[in-house]
Each structure stands twice: as C-alpha cells, then as structure tokens.
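The first chain written gets the first letter, and so on, giving A, B, C, D and E; residue counts start at 1 in each chain.
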Amino acid sequence: MELFLYTALFAPLAGSLFAALFGASKKTKIAGIVPSALLGLSLLSSTVLLILVFMTGRTIHVEMMTWMAAGDLYIPFGFVVDQVSVVMMMVVTLVSTVVHVYAIGYMDHDKGFNRFFSYLSAFVFSMLILVMSDNFAGLFIGWEGVGLCSWLLIGFWYHKESASWAANEAFIMNRIADLGMLIGIFLVYWNTGTLQYKEAFAAMPSLDTAILTWMGIFLFIGAMGKSAQFPLHTWLADAMEGPTPVSALIHAATMVTAGVYLVVRANPLYSLIPHVGLFIASLGAFVALFAASMALVNRDMKRVIAYSTLSQLGYMFAAAGLGAYWVALFHLMAHAFFKALLFLGAGNVMHAMHDELDPFKMGGLSKVMKGTFVMMTIASVALAGIFPLAGFFSKDLILEVAFVEHHFIIYTVLLLTAGLTAFYSFRLVALIFHGEDRYKHFGIHPHEAYKFMLVAMSPLLVLAVIAGAFKMGYFGMVTELLPATEYHVHSAATYWIMTIGTQLFVMGAIAYAYKKYTSKDIKVPDGTSKMENSFGYKLLINQYYIPYFYENYIVKAYRELSEVFWTKIDQKVVDATVDGIANIFYQTGEKTRVMQSGNLSTMLKWMVAGTVALLSLAVAFGLAARYSVEIKTFLSGLGV
Amino acid sequence: MVSPANISMESLNLITLVPMLIPIIGALLIIIVDLFKSEQDRSLYVMLSLLILGVDFVALMDTAGVFSKNGTIMGVFDVMLIDGLAILSQFIVVGASMLFIPLALTHKRFHEFTYPEFFALFLFMIAGFQFMVATDNLILIFVGLETASLALYTLIAMHNRDKSFEAAVKYFTMGALAAGFFSFGSMVFYALTGSVEINQIAAVLEANNYADIGFVLVGVVFLLASFGFKLSMVPFHTWTPDVYEGSSAALAGYMSIVPKIAAFVVAMRIFEFLIHSGVVWLEVILYASVVITMTMANVWALVQTDVKRMLAYSSISHAGFVMAAILIGTTQSNSALFFYWVLFSFTNLGSFSMLWISRQKNLPAHQQSDHSYNKFAGMIKTAPVAATIMALFMLSLAGLPPFALFWGKMYMISSAVTGGYTVLALIMALNSAIAGYYYLKLIVYMFMKEPIVENGGHVYSANATLSLKTIIGIAAIGTIFAFVAVNQLLEFITAFVYNSGY
Amino acid sequence: MEIGLHHYLVLSTILFAIGLVGVMRRKNLLMLFFATEILLNAVNISFAAISHYYGDLTGQMFAFFVIAIAASEVAVGLGLLIVWHKKHNNIDLDNMSTMRG
Amino acid sequence: MFEAIAFYLFAFLTITMFYIAVTTSQALYALSALAAGMIFISAFFFILGADFLGAVQIVVYSGAVMALYAFGMMFFDTTREVKEKQGNKAIIIGLSTLAALMVVVIVAAPIVGNNIEALYPSVDATKNVQEVGMVLFTKYLVPFEVAAVMLLVAMIAGIVLAGKKMDLSVTLMNEAEIMMMKEEDKNKKAHS
Amino acid sequence: MLDHILSILIFFPALAGVLGFVVNKNSIRSYGVAVATIEFVLALWLWFVFDSNVSGMQFMEQIALIPTFGINYIVGVDGISLFIIILAAFFTMIGIASLGETKDIKNMIITLLFLQMTMVGVFAALDAIVFYLFWELSLVPMLYIIGAWGGPLRIYASVKFFLYTFAGSLVMLVGMLFMAYFYYQATGEWSFAILDWYRLILPESFQLWLFVAFFMGFAIKVPMFPFHTWLPYAHGQAPTIGSVILAAILLKMGTYAFIRFSLPLFPDASVYFMYPIAVLAIIMIIYTAMVAYAQKDVKQVVAYSSVSHMGVIILGTFALNVEGITGSIFLMIAHGVVSGALFLLVGVIYDRRHTKYMSEFGGLAHVMPRYATIFGVMLMASVGLPLTINFVGEFLSLLGFYKQSHILTLLAGTAIIVGAIYMLAAYKKMFFGVVTKEENKHLKDVNKRELLALIPLTIITIWLGIYPKPLLGPINTSVEAVVSLMHEKSLSEEAKQRIPSVAKDMALITKPTGEAH
C-alpha cells in the first residue's frame, strides 16, 4: 500500500518537474498533458487508498526518512493516510486533475503554458504533503509550499503590476499567519516534546489548559491566514488576479481549506479547549456574513465567487469550532466540488468575454454558452444549499449543529448568510446568463469553451449534485478518527420546520435575485444611481474600507518607517556616531597640530610649560602631603 | 686625609668596560686610518664599523655569559653596573647600529657619508649610549648621554641641507634645556640624599621613609622632563617630528630606536624604585603621560601628509606605549619593554629603510615633501615587491598578527593586565586601533590608488644597493618570522630582567 | 645671619628661573645658548653648596662634569650655528620653521 | 658674617648679570654680563671651599667658553642690536615666575639632610684640589674618560660642522655635479 | 597525512598563493581554480574521514609556538567548525571559478588564496592567539579586495571595515589576555589553549566583564546592531567576490566565535546577557529588515538582509540549548550558501548593467528567465521557505530560543514576515512588470560560467533543505558536548536552569591527540 501512498504523493512532483523541464522553452502541449496524466495517476492511487481505508479501516503510516534531528527534536518525513487525510487527498487530487485538464484548454494561448503546469503540479504536491504529513513540521512544509505556489500562480502574469502586487500581498499575509503557526508548533514541541501528531495529541490532555489555549490560538492564527479569515482576508479577493484555474483549485477548493483541515486535524486539541472553539466558530460565522455581504454588490465576477468562498470557509470554521469536525470536513469536500465548478465556469465566461469580469457587461450568455450556463447554475444551486444538491447536506448540517449546540446567534447569522449566499450567487448567474445581451455594446463575440474543458468539468458537476449521497458512508469512515457526534434536532417537527424554512428562505432569495437582475433595466452602473451612492453600498464595495485601512495605515506606515529607519536612524544616528567618533580623533588632530608650529621658541615654551605644570602638581601634592593633618582638621571643621 | 689608593685590578672588573671601549677604539681607529690616507671610499668605513660593532656584539655576548653565571657585575669603583638591563639594552643598541650602518652604502651619494668622521662619531655615540645604560651613577649617565647626544646632533647636521640643520639646531637646543633639567633634577636628589647613585638614592629615601615627598617630587619632575624629552613624551616631544623629518630617513629610523632604549633603561632605573615605593603621584603622572603620549601622538599622526612625519609620530606613540611598562613595573612588563623594542627595531628600521631606499634628491612637482603619501600612490602596480614589504612593515606596526610587533603588543598588554592596569590595557588596545588608521592610509595609497603620472617604479628603489636591500630583507624576515624566535627571545629577556631584580 | 644651604639653593633656583626666562624669550640662537649656560651654572652653585654642607665631594664632581658638558655643548652648538649662518646669514630661530604640523 | 655679606653681594651680582644676559638686546652686553656672572659664580665656589671647581669655572667658562662665544659673535656679526620678535610675554613671565616660586616654596622648606652621611668626605678644605684629584681618578675615572671622549666628539663635531666641506652639499647635488666637484678637487690638489 | 590534514588545509592555499606569483597572468585563473578545487577536495576528504560520533576535537595538531607564554599552534576540528571550513573551501572555489573579467586578476586570485588560509585558520584554531592571528589576518586580504576592486567609495568602505573590526578585536584581545591570566592564576601556567580554558570555572563577575570584552570583538564582526554600519558600505562597495566571501564566511567568524568562546567559557554570563543580546538580535532582525526594505540598491538589500539573518543566528546561539545552537550553526552554513548565492546573483546583473539600482531594472523575468528562476529559488531560501536550507536553521534557532522566551521569539519570528516583505518587494521591482528600459531588453541570460557557480549552490540549497541530516548529525553531537559543558560549568541556579543538562556522556575536552606523535 505504501506504493500507492508514494505514487499519490510524488506523481504530482514528477509532473511538476517534467513541466519545469520545458520551463524556458516554447509552449508545448506535452507539458500540460503529462502532468495531468500523472495527476490522474495520483487520483487513482488516492482512490485505491480511499477504498482501502473505507473498506478495512486501516490507516497507512510511513516514515520516509529523517528530516531534522537536533537535541531532543526529531522530525521525520512521515506520511499518514487515515480517514481524514484520505478524504482530503481525494478532494485535492480530484479537483486538481479536473483543473489540470481544464487548464490545458484554458491556458492554451498563454506563453507561460509550461511554467503554469509546473507550478500547478507543484502546488498539488505541496498540498498533498500538507494533508498527508504525520507531524506539524511536515504540515508546515506543505503549508509554506502551497503558499509559495500560490505566490507563483497569483503572480503568474507577472507583467501585470496588480498581479505581482496581489501575489506579494498573499504571501506576506500568509506569512503573518505562519508566524502564529510556527509559534504554535514551538508550543507543541516544548510542551509535548514531539511534533508527531499522534504523540503530541496523546500528551495534550495532561497539559495545563492555559498552555493548550495558547497552542490552540496560535495554531488557529496560522489557519486564519491560509483560510483568509478576518482580519487576514483581503488577500483572497486580490488573489483573483491569477488565472482562473488557479482560483478554482487553490483559492476555492484546496489551499484555503487548509486552515479548516488544520483545525480538524488538531481536533484532539480543540476538543480540550471549547472556549477557543467557540471563538473560532464565532469568527467563522462572522466571516460568513461579512464576506457574503461584500459579495452582494461586487462587480467582479471572480471576486464575488472569492467572497463566497470566504463565506463558506466561515461556515466550515463555525462547524469545526463547535466541535463538529466531521461536518466541517464534509462541507469542505462538498464545497470544493461546487466551488471549483463555479470558478471553472467563470473561467469559461471570462474566456468567452475576453477577460471581462464585470457581470454587468455580460447578460444573456446562456444562449451562447449552454454548457457553462448549466454547470454554473447547478453549482450555484449547490452553493445555495438547495435539496438535493451537495450544498444542502453539508450546509444545512452546519446550521443544525449551531442550533443543536444552542448557539443561536451563530445559527441566526449563518441562516441569514445562507439567504445572502443564494442571493449573490443568483445575482451573478442572472447577470451573466440572463437578461439583455449587454456585451454587444462592447463589441465582444463570446463563444463556448472547448468541449474537452466542459467534459473535464463534468466530474465536478456530478459530484456537486450527488456528493450529499456519500454522507453516511463518509460519516462512518471519518468518525473512526473524529468525534462521532451526531447532530439531530430532537424534535422532528422542529427539524422539518427548520429545514423547510431554510429552503424556502433560500429559494426566496434566489427568486428575488432573479427578479432583480434579469430585468431589462439592468445597465452597466456608472456610479450615478442612488444605490451606488448610498453609504451601505459604498461600505460594501470598498470592502468595509479594510484594504484602504491596510494600505494607508499599515503598508504606508511600514514603508515610511523603513525610510526613516534607514535615512534617519541608520545613517544619521548609528553610522554618524561611528564616523563621529573617528572624526573626533581626526579633528582633534587637525585642531591641535598647530601646537607643532615648527618654531623652536614655541617648542621650548612647551617644554618649560610641561615642566611647570608637572611642578605645580608636585607642589600641590607635596603641600597636601605635608599639611595633610591640617587639611583634614580644616575640612572636618567645614563639616565635610 | 688623602692616602694613596690601594686598588687591586681584579676588584676593578675592567671587563665591564670592554663593550664600551671597543667602539671608542674603533672610532679612534677610523680617525687614524683617515689620517694616514684620506679620501677613502665610505665602504671601507662602513665595513670597519660593522666589524667593530660585530666584535662589540661578541664582547657583549661574553658579558652576557658572565652575567648569567655570576649575576650583576659592578666594576671600576662601582661606577659601572652590568646587569641584565644594561646587557639587553646594549644588545639592542649595538644590534640596531649594525643594521643601520650598512644603510650608508646608498646608490646616491649623501653628504654625511663622505666623512670618515661620520663613522667615528657614530661609534662614539654608541659608546656614549653604552655608558649611559651600564651605570647607575647619574654623573656617568649624564656624561654618556651628552656624549651620545652631541655626536647625534652632528650626525643629523651632516646630512647637510637646510632641513637637517634646522633639525639639528632644534634638537640641540631642546637637548641643552633637557640637560639643564637633568642636572637640576640630579641636584635635587643629591641634596636630598647626598648621593648620585640611584641605588643609594633609593636606599636613603627608603630609610627616611620619603619624609620630604614634595622635594622628591621636584626632583622627579625635572628628571621626568629631561627623560620625557629623550623619550619624546608629550609635551616634550615637539622635537621628534621635526628632527625625524630633517634627518635622513635611515638616521631617523635609528633615532627612533637606539637613543630611546638607552633612555628607557635609565628611566626604568630611576622611576621604578619610586613607583614601587608607592609614590602615588608619580604613578598618576606616568599613567597620564603614557595615555596622553600614546593617544595624542596617534591623533597627530592621523593628520600627517608625509610618511616620515607620520612614522615620527607613530614612534612617539610607540614610545608612549612602551613607557607603560615602566609604570606597570613588573618583571613581565619590563621584559615586555625589551621584547617590544627588539621587535620594534626590526620593523621600524625596516620601514624607515624603505623610505631611505626611495629617497630622491629632487622632488617632482606633485610631491610636497620627501616622502609624502602620494609619492607611494599605486606602488603595487609599479613596484609590487617593495609595496608588499612596506605594507608588511605597516601591518606589523599596526600590531597585526603574526608580524613582529603584534607579539610585543600582546605581551605588553598582557603585562598591563597582569599588573592590574585593566583600563590602561584597554586604552593601549584602542590606541592600536587608532594607529591602524594611519598605517592603513599608506597601504591604501600603495594598493588602492592609481599611480601618479611619471611615477615609475624606479622611484621606489632609486637608492637601492645590495646592502640596503639586505638590511630590508633582514628586517622583513625578522618582521614576518618573528614568531619563530619569540619564545627564545622572551625566555632570554625575562631571565635577564628577572635576574637584575626588575 | 648664617648662610645655609637654603640660601644657595634658593639662589640657584632663581638663577635657573632666569635661565628659563632666557630660554623662552630669546630668539637669537647665540643668546639662547647663553641662557642654557646659565641653567647649567645655576645648578652648579647648588652642587657646590650641597657638597660643601654635606662635606661630600660628589657634588663638586658633578659640577665639574657639568662644566665639561657645557663646554662641549658650546663647541657643537657653535658649529651648528656657523653652518646655519653660512647658508642663511642669520641665526634667528624664527627663520627656522620650515617643518611644522 | 663675612660669608653672609659675600653671599648676598655675589648673589646680587650674579642675578643682575644673568638678568642682563637674558634681557639685553645688545649681544655684546649679554656676552659680557654672562662672563661676569660666571666669574661671580666662581666666587661662590671659592666661598664654599671648592677651589678646584672655582679655578675650572674661571678657566673653562670665562676663558674658553667665553672666548668661543666671542669668536662666534664676531663671526655672526651680532655686535649690533639684536631684534627679537616677542610673542606672548605673559606666557614667558608667567611660566618662569611660577617655576621659580614653586621651587622656592619647596626649597625654602627645611630639607631633611641630617641623616646623610658623606660618601666621599672632604676633610680639609685646604687640600681640595688634591682630594678632587683623588676622587676624580678613582671613583670618577670612567666618567672622566668619557668626558674626554665627549670633548673629543665635540671637537670633531666643531671641526666637521665649521669645516669648509660643509659649504657644498653632496646631498643636494646630483651625480654629475658630484663628479665635477671631485674633478675640481683633484685639480686643486694637483695644482698645490 | 591525516594527522596534518588541518595544517595542510590551512597552509596549502597560502603556499599556493606564494607560488602563484610565478604563474603567468593568462593562466592564473586556471591555477586558482585548480588550487581551490584541490583545497575543496581536501576539505571534503576531511568530512569523509571525520568521525560523526565523536563530540570532541578531531585531527588535533599541536606545535609549540611560545610555550613560555602558553601560546601554541593548536588546531582541531569538531562538528561545529567542520562544515564552515568546507563552506569556506567551497566558496573560494566557486568564487574563483565564477570570477568575471577583473583587472589585476593575478593579485585578486593570490589574495583570495591568502584569504582562504585565514578563513580556514580561524575555524580550525584551538588556541586563542592563533585564532586571533587568523582572525586579524583575514582583514587584510578583504581590505585589499574591497579597496582595490571596489566601487567609488571603496577606500572609505574598506578602511571602515578594517578599522571597525580591528578596534573590536583589540578589545577581544585584551579579554583573551585576561582569560590567560586567570588561567595562570588558577593553575600557575600560562595557556591560551581553548580546551584548557574550558576547564576553568570563573566567578560570575569575571565572566561578565570578559564576556563583554569578547562580545565587542565578535559583535562587530557579526555585525550586531548597532555595530553593523560598516557592513552595508563594505558590501555596497566590494566587488562581487568580496561580498560573497564576506557574507558567506567572514561574518560567520563572529557567530562561530560566540559558540566557541563566549558560551562555553562564560556560561553564567551568557545566561546573564541572554536577554539583552536577544533584544539586540531582535532589533537586528526587524530594524535591519525594515532598512533593507527602504533600500534602492539591490546589493544593499542583500547586505542588510545578511544582518537581519545574522540576528536569527545570534538568537539561536543564545537559546543556550542544543536545538537552538545546532540551528544557529546550521543557519550559518545556510546563510553562507544563500547570501553568497544572492551576492553572486547581484553580481551577475551588475556585470551586465553596471548598476545595482532596482529602479533601473524591472521585468527581468522576461529577458532572463533562468536568472529569475535561480534568483527566485534563492529568494525563497532567504525568506526561509521549508525544504530550503535556511528554513532548517531558522526553525531550529527560533525553536530553541522559544524555550527561553516566548515573547521575544514571537518578535524574532517576525523575521519570516519582514524578510518576505523586503525580499519580495525587491524581487518584484527587479523581475516583475514589463521591461521599461531599453538597455534591459537584450540582456543575456546567465552564462555557463555563472551557472557553474549558481547551480551547485541551488542544489545545495534544496538538498540540505530536504536532507540536512549529514550536517545536523555531527553538529548536534558537538553541540551537545558544548551544552553539557556549559551546564556543568555554570554556577548560578538560573544558569543551571536555563542551560539544559544533556544526559549523554560527553567528552569535549580531550587531550590533544597530536601529542603522541
């Protein structure tokens, strides 16, 4: 079985290296096909592993080699395939295979085709390391590895200033969180003496709660960065500068869920500190609403989806925070499918619209892009959580969890968010695919994407529809590892009321969105309408002014402070002091060299002066010695 | 009552006079040779002097042998005192002189070497220094000192150009004042103790428990002033740069070593017993003057534009550095003094010889003085070997290991550390850092600047002959491979110093 | 009024100080040399006096050698002056400051 | 009493003479004052019973040294008034007064000389010369000889410095000039 | 030969340098490469024969130098110094191999060979004075390299470099002399042998003063804030090869010396000064990183980044536990490789454009993709991405220090943030965007000779990031010995607590094996 593990893990790496071989040469299809095929292999191996784990309940644990060993620290390259990681592996390999195949078409005309696949496969490799590692350090490798790949891919079109800026922003924000993660790891090491999950988690129950709390907090800070939770969320929307397949894979399906995975993985820890869990859940709920609200008005198709991702991540954290780890993981999985689908669909639209992102400039595309239309609609339905699509099973479950755990505020917020989700999703669908063909004003001639791209997307489509069906099997499997709490509303009546109520609420939101945005009056907003000038709209479109705040009060301050440090402190104080000391000597020399006037008479006077000076000192000393008694009495008389 | 003196020859210990008599006889011999046949080539006199000094050196080795067997020897009515200090310093005097004298055989001709008298006076001067160090009688010290000084003034003046006369006159006049100080100081001690012999002065002062400290200090002040002059302690140093600049580079190098070691020995004899007797004032004053001399000389050296003047200030600084040994006054420090000075002789003679070898008779327009810094600009391009050697001497002077002077500095600072003078040790160390700047300045000029036009490499060896090159070679080898000999040297010096009771 | 050693010492010191004044104020080298002679002579008085009062001959010896030294200095000093005078036709030390700094 | 009178008289005279010697602007005055002062000093020596020293003082100083100076003065032609630019007089006066005062302060204090034993006692003042000779040629034989060497050095120095050869400086001449000079020398010798 | 392998390593390059004077100008480069390669092979051989399980010194040699004063030529190598020696040999080799068109190339190569002697000497010396000797001597070749081949301010920079370090090390010399004196007082014998000193237990007050004295020398060399200002000048003015060696090896002398001298000699003082030094280190990390961000000259960015990274090394050293110290030693090597490579990379572009201002570039990724890639790898290594060499060191250093102080580690950990900020900003300015300058449009990508130097570095960067064990093992063994020595020697309760006891039986102080011969 280890063979499958290694195949699953290293096939993407091989693909990446293979593509990298062509990195500097001209675009060649093979650089896309081979990595995709290798990913397929990886997917296959993962499937085998999944079946194995599912069937036998066995987990596979290998230690490839030692990575670091110093003092008492011992970190191997160890990998584990257990119920949790195999789910993640499936998600990752599946989505990435789809995205790879899709990208062969999507990136068809790009100069950096080969490079792209190299990066993309490298990302998959890092992501697999992240999920398969059996210790925190390995997790961190993957953690940073996906960060790197994300940086490379966001900034893929590096000639665009905005792209490289967004890449750097993403990297640096993630780094801020990574510091927290690192500290969390240090805490784990110094308190449990190991970084292996198994031993570390085993040791945790005997630790002081305060320490565990800190551990939980710092590890979660790491998760916040990667999963773009408030206040480190701004990078995710900006990350949409990357090619759309990247957004689908990294910024929707996999990398951003790493934070959730971490919390799930560290469930023994978080189970011990429910207060931190509650915080996580609250933050999750807040982010869910917060992000959804920003998605309401945004006029960038990809950003809307990005905010939706953010919002869904909030859901996941809410679940994980409340201890429903398996629920969180389930939503993670389901979300990966439909959100990737949504993004890829958006990619098709972008292609068709020549990289136009404003849905107000589209409209009526359903006529030309049937396939895409269907897929995106289904994905949106799934996202909105309409029965019987994937979203219903996972998202409703989260609502139930909140309800069952008696966190009604969280519940209410999440419920509200569900409505908003439905609204903005269908706002998008409506604006893109229905209504007037507004794109004609811009002289664009949209066309459907390659067939094989649509075919490539189809597995996602299927999964987005049927994923809910796996719920029970999934539950049976993962609860071998995760707390097997079942969340049932006690009274059936309440359950039905809740479920149906939610469905109705959501559908209402969809209907409203359709009504509002399929109308013929929709025009490209030009900043004159009343709504656009309302405070709420401005707040939302400016993302609550948070990026503005960051730019003006943190980035700018940092830049200016750096400048001050360099020009004022380093040069004017520190270095000037050093030179000043040297100068003191030099200047003393220059000033006093006149003593050497070259005139013999002066020299003689110096000699005499020196002697006289010494003499006066001698006399003073001699007198003091001779009259020491008198001086003492005199001084004591003065009261000294 | 005057009775005929009944003195056995053995008790006179005439052997103590041998090392001094040899150069005197040699000097007379040179004069006689000149009388018989004048207008002889200088090489004759150089070699004669060298031979005489060689014989002197051997005689010294003999004396050293006797000393190590029997200990301190007093001779000729206890006027002569051959102890370890005397022997060590004479070794340095004679050895440095042997290194100096071949420098007369320059490629270009210079005035002083056309005189046989130059060599005679040179030998007389050596004898003077030898007398000065080999006695503890203030009278003989004075007479020896003056013999040597008067000869030295003349040697400087014989270079025969304006600057050298100016130098000689300055040196002479200040020397005369210093002589006055010396005699006054001696007078005070004589008045206090009725003796002019240092050990008796010490004994008497000890006996009456320094009752009249003020008066003692007056004497100390005058002696300090006079030796401050010889050792060029600030502010009695003012002659040094001018005299070094005015005299020929070779003689300047010589002056930076030989007269000073003689003066050091006398200073050691005079001041150490005072410091050991707890004359706090002297300790404070010496401390101050050591620090001031080191630091100020360094500071002035920083701003010099002429290498020779820079080296002059640098040797003032080195003297100040070594003066610390007298302040510290332990066996280790006194050994360090000699140790330092031996190593310093090689390096400093070497660097002055490098200047000597590049001496021009007519200065080109861009050059303000004989050895201005920019003369050496870009030397590595035109005369790489010479530049490397010169750099080596500079690094040694700066105290960079493993070159000669590093060991001296290290041992000296160590003696300060062991002597309990921590702050002094730090000041000494930091002064080396300041000094680094001006030594480095020359290296910068030589290695990092572009050569000035018309500055062909021949300038740097314009004066070279085999004998000059040999001397530089010896100095260079001594500088580089000092670490080979350091152990023996240290053992030898320590034994001698220790056995003399210092 | 007994004349004691102090009187001589004080006298000697005063003369020494006069010598110092001379050394400091004289610009004419020849006259400057006179001043240095005064210094030595001043000390000689003390030596002789101390020698007398202590009944010890060493002081006289010292004085004797001082005289010899003074005489030698004169010879060398004058030699130097003559050379300088030959070249520059003056013996004023103010003209003698080509080296400085 | 006689001693006291003599002391004060001669003290006054020497101080005056030396004062004139360092202050006058006439070189001749200075020289004469100096010579006189030195002779007066020899008077102290006689008073103190140092006959030999007194004699030497008169002979060497007043005779030899003064004669040398006199010759030098004629040579330098400084019989006319000497103009000396004076810098800051305050420094000079201040320094010297300070020096004198301080030394006097200390010297005037009683010197502890009681427990000093004469190393080379002079028993009888009348035989001073003999005694001096005795000490000079036993104890101070070496210094005496060295002093002789010193005088020799001074002599050679004087001859060399004042000699004709110093008129031309080989140091400043280039090789060709030196050769020419040598030729001339040879020619001169051949002629003579 | 094994008995003298260290001496051969030290003096072979110097001897070759002397002989190099004879070699013809046109062949000197090959000669230099050959000599450096031989040296490198010898260094590798040293590694090969090195016994990783021995914690003490190996291949010790002892020759009496000044036995009267306790100065002997003693050299030896342990896990702490082994890899830095190899690194020195390695960098000299690739430095000479990648040397571009240089005037007076003969002088340069001979100087480099001499420099190599001093570098190996410093790390192999086991006698304080011999250590000091090489330590000071290393200034001279560097002075010459900066001063003769540097930029417009080269003289100022080189003199500043020399004097600053010189002044600091003189204070250190005084400290050494004190140390020897204390040893003399304790045993009645003079000795400057480090291993002898290790046996000396000093009262805490002495330790404090001596620690400060040694600190002055080391801190300036490292250079620690606020003694760092010579470094930007030196780097800014030095030719590429000078910067490479300065950053890769010379700076390590300071941090190495902390571990060789300060920690084992003054355990109590190390604990006493741990917080102040950690604060300085943190200032170094954050402050210099910010200063680096403000730079306009890419070389200055790398120079300041060096200071910033050295802060982490210092922090790891003063973690005073095995993890931290091992990490800091590993980070020395890592930083050597990475910063050396970065300076080489800056040199590549400087050779082409003769400017180092980032505003002059932009969009280089279009024209020089290979260059951009290698730069990118090194950039990522510099910001401490896992699986690159730097991460191992940084991780262990910070991990180690976390034991001592949580808050300070948190502050120091910002290294990974601020480091990313200036590095990414610089990378963006140089490589991203569109090519705006006409001169940049036809720049040649890295050529073979440059690749010869850069590819091995890239490989090492990643290889040791993935598999650091070959280095970590020996380092760890020796560090454990140091820590256990410190624990045993420490006097105060606090120190005993701060410095963990290492259970294993350690024998750091072994009698020199060379004596038998």
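As a convention for this text, a contact is a pair of C-beta atoms (placed from the backbone, for glycine too) under 8 Å apart; a residue touches a chain by one contact, two chains touch by 3 or more.
The shown structure was predicted, so the numbers you read here are calculated from the model rather than taken from an experiment.
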Neighbouring chains common to chain A and chain C, by label: B, D
Labels of chains that are neighbours to chain D and to chain E: A, B
Chain occupying the middle, per Cα centroid: E
Of all other chains, the one whose Cα centre sits farthest from chain C: A
Reference chain E; chain at largest CA-centroid distance: D
Top-ranked pair of chains - ranking by C-beta pairs in contact: C-D
Distance between chain centroids, defined by C-alpha means - chain C, chain E (Å): 65
Distance from the mean Cα position of chain D to that of chain B, given in whole angstrom: 28
Whole-Å separation of chain centres (CA-atom averages), chain A against chain B: 76
Geometric centre distance via CA averages, chain D-chain C, whole Å: 6
Chain A, residues touching no fewer than two other chains: 582, 593, 596, 598, 600-602, 604-605, 608-609, 611, 615, 618-619, 622-623, 626
Where chain C touches two or more other chains at once, by residue number: 5, 9, 16, 19-20, 23-27, 33, 54, 56, 58, 61, 65, 68-69, 72-73, 76, 79-81, 83, 93-94, 96-101
Where chain D touches two or more other chains, by residue: 91-92, 95-96, 99, 102-103, 106-107, 109, 111, 113, 116, 118-119, 123, 131, 139-140, 143, 147, 150, 153-154, 157, 159-161, 166
Chains touching one another, given as label pairs in label order: A-B, A-C, A-D, A-E, B-C, B-D, B-E, C-D
Touching residues on chain B, where the partner in the complex is chain D: 1-2, 5, 7, 17, 24, 31, 76-80, 108-112, 114-115, 117, 120-121, 124-125, 127-128, 131, 135, 137, 139-140, 143-144, 146-147, 150-151, 153-154, 157-161, 164, 191-195, 200, 204, 207-208, 211-212, 214-215, 218, 361-362
Chain C - residues contacting chain D, complex: 1-3, 5-11, 13-22, 24-28, 30-31, 33-35, 37-38, 41, 44-45, 48-49, 51-58, 60-61, 63-65, 67-76, 78-83, 85-86, 91-92, 94
Residue numbers on chain B that touch chain E, as the complex places them: 380-381, 395, 398-402, 406-407, 410-411, 413-414, 417-418, 422, 425-426, 429-430, 432-433, 436-437, 440-441, 443-444, 447-449, 483, 486-487, 490-491, 494
Chain C-touching residues of chain B, taken from the complex the two chains share: 138-139, 142-143, 146, 150, 153-154, 157, 162-163, 165-170, 172-173, 176-177, 179-180, 183-184, 186-187, 190-191, 194-196, 241-242, 245-246, 303-305, 309
Chain C-touching residues of chain A, taken from the complex the two chains share: 593, 596-601, 604-605, 608
